[in-house]
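Each chain carries a letter (A, B, C and D) given by its place in the written order, and its residues are counted from 1.
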Amino acid sequence: MALKDVQKDVDKWTAQFDPQYWPPYEILARLIEEVGELGREINHLHGTKKKKAEEATNNLGQELADIIFTVACMANSKGVDLQSEWEKVMKLKHYGRDQNRFDKK
Amino acid sequence: MALKDVQKDVDKWTAQFDPQYWPPYEILARLIEEVGELGREINHLHGTKKKKAEEATNNLGQELADIIFTVACMANSKGVDLQSEWEKVMKLKHYGRDQNRFDKK
Amino acid sequence: MALKDVQKDVDKWTAQFDPQYWPPYEILARLIEEVGELGREINHLHGTKKKKAEEATNNLGQELADIIFTVACMANSKGVDLQSEWEKVMKLKHYGRDQNRFDKK
Amino acid sequence: MALKDVQKDVDKWTAQFDPQYWPPYEILARLIEEVGELGREINHLHGTKKKKAEEATNNLGQELADIIFTVACMANSKGVDLQSEWEKVMKLKHYGRDQNRFDKK
């Protein structure tokens, strides 16, 4: 049931807005913005020019959750059932395309 | 419990690989690749130059699930609890920063 | 005159199409797709799971040129003069915001 | 000569830093950040929730120039000659792969 609850949380919160969901291109642009913020965070945590101590934040988890939020908006607006898509992806990974993509132990 | 299950699914599947998770920059690069594939899909579905019928696919849901998979890899590799981050984001949206960001009904 | 020529090359080539330029959101989606392809290439060149020798390609330069092409499409479609914007950015870097962003020798 | 000058401008400016260029993954992460800022700008200019007048800016051109700057950093750090790659891309577009990708007039 996992991802159904995520989609429901989003649907409940966005119900207060009109339109409830932006058009797909606008959600995509927002998603890129969120992924860009994750990129900045990764550079702050792991890059050559690390964030100064006083700027250091625990933003990584929040950026990841923001990406999931935006993905759920896209899914809701397009009628995608993420839980069923998730199960398909996991099945493909177990039995299909990705079996030999990585180095096994 | 929603996102915990997603993280567990990923952890179980990736356990067969060595290393189990790529370093953060490599996961980020993969995430961008997945978001790029979503961009292509959105152009195919909604753009000026739509995909020819015979190429038409129902890939949108799979692309969204691939993004969630990659986000979960990043979270697992960095010890992030997505469910707790999700709850923080939803709380912020209800009571905080995003309250006036959209047009209410 | 550098970037003016790039914009002219693009304008000459796209003149054969109708519409000559896609709307901004579609160009943005294409840009993400191109950046995603660059991400894949960087993982192939530098990542844990390197491309097998027979797949190895010299695509990096082509991916970078594709990104510049897409940026020039956006600029042309929105009436942006890239050369003048470039000069502004270089001036800002010399005298402004980015002066202390990196570690000097 | 167009893109050679862009690369030279960047090389001259970055010469003051040590290291002169970040590793490829860090430049990629920065590129995503810049593309994310472009995404935000496009939403501000064209989206459902437009920027309030007082926030309105002419940032689009600057975001595009920032993307070109980051692409030139990647090219310089990897020894890519953008002008020659550009000419290859334009030739491919005229005689190759992209000839039938768009609708001609």
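Throughout what follows, a residue touches a chain if its C-beta (ideal position, glycine included) is under 8 Å from a C-beta of that chain, and two chains touch if they have at least 3 such contacts.
Since we're looking at a predicted model, the values are computed, not measured.
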Exercise. Between chain pairs C-D and B-C, which one is joined by a greater number of C-beta pairs in contact?
Worked result: C-D
Seminar exercise, completed: Per the C-alpha centroid definition, the whole-Å distance linking subunit B and subunit C comes out as 24
Seminar exercise, completed: Distance in whole angstrom between the CA centres of subunit C and subunit D is 3
For this session: Name the residues of subunit C that each touch 2 or more other chains.
Result: 25-26, 28-29, 31-32, 35, 38-39, 42, 48-49, 102-103
For this session: Could you tell me which shape the graph of touching chains takes: line, ring, star, complete or other?
Result: complete
For this session: Name, in rising order, each residue of subunit C that touches subunit A in their complex.
Result: 25-26, 28-29, 32, 48-49, 101-103
Problem set entry | Residues of subunit B touching subunit C in the complex | 19, 22-23, 26, 28-40, 42-43, 47-49
Exercise. In their shared complex, at which residues does subunit C touch subunit D?
Worked result: 1-6, 9, 13, 16-18, 24-25, 28, 31-32, 35, 38-39, 42, 45-46, 60-62, 64-69, 71, 74-75, 78, 80-82, 84-86, 88-90, 93-94, 102-105
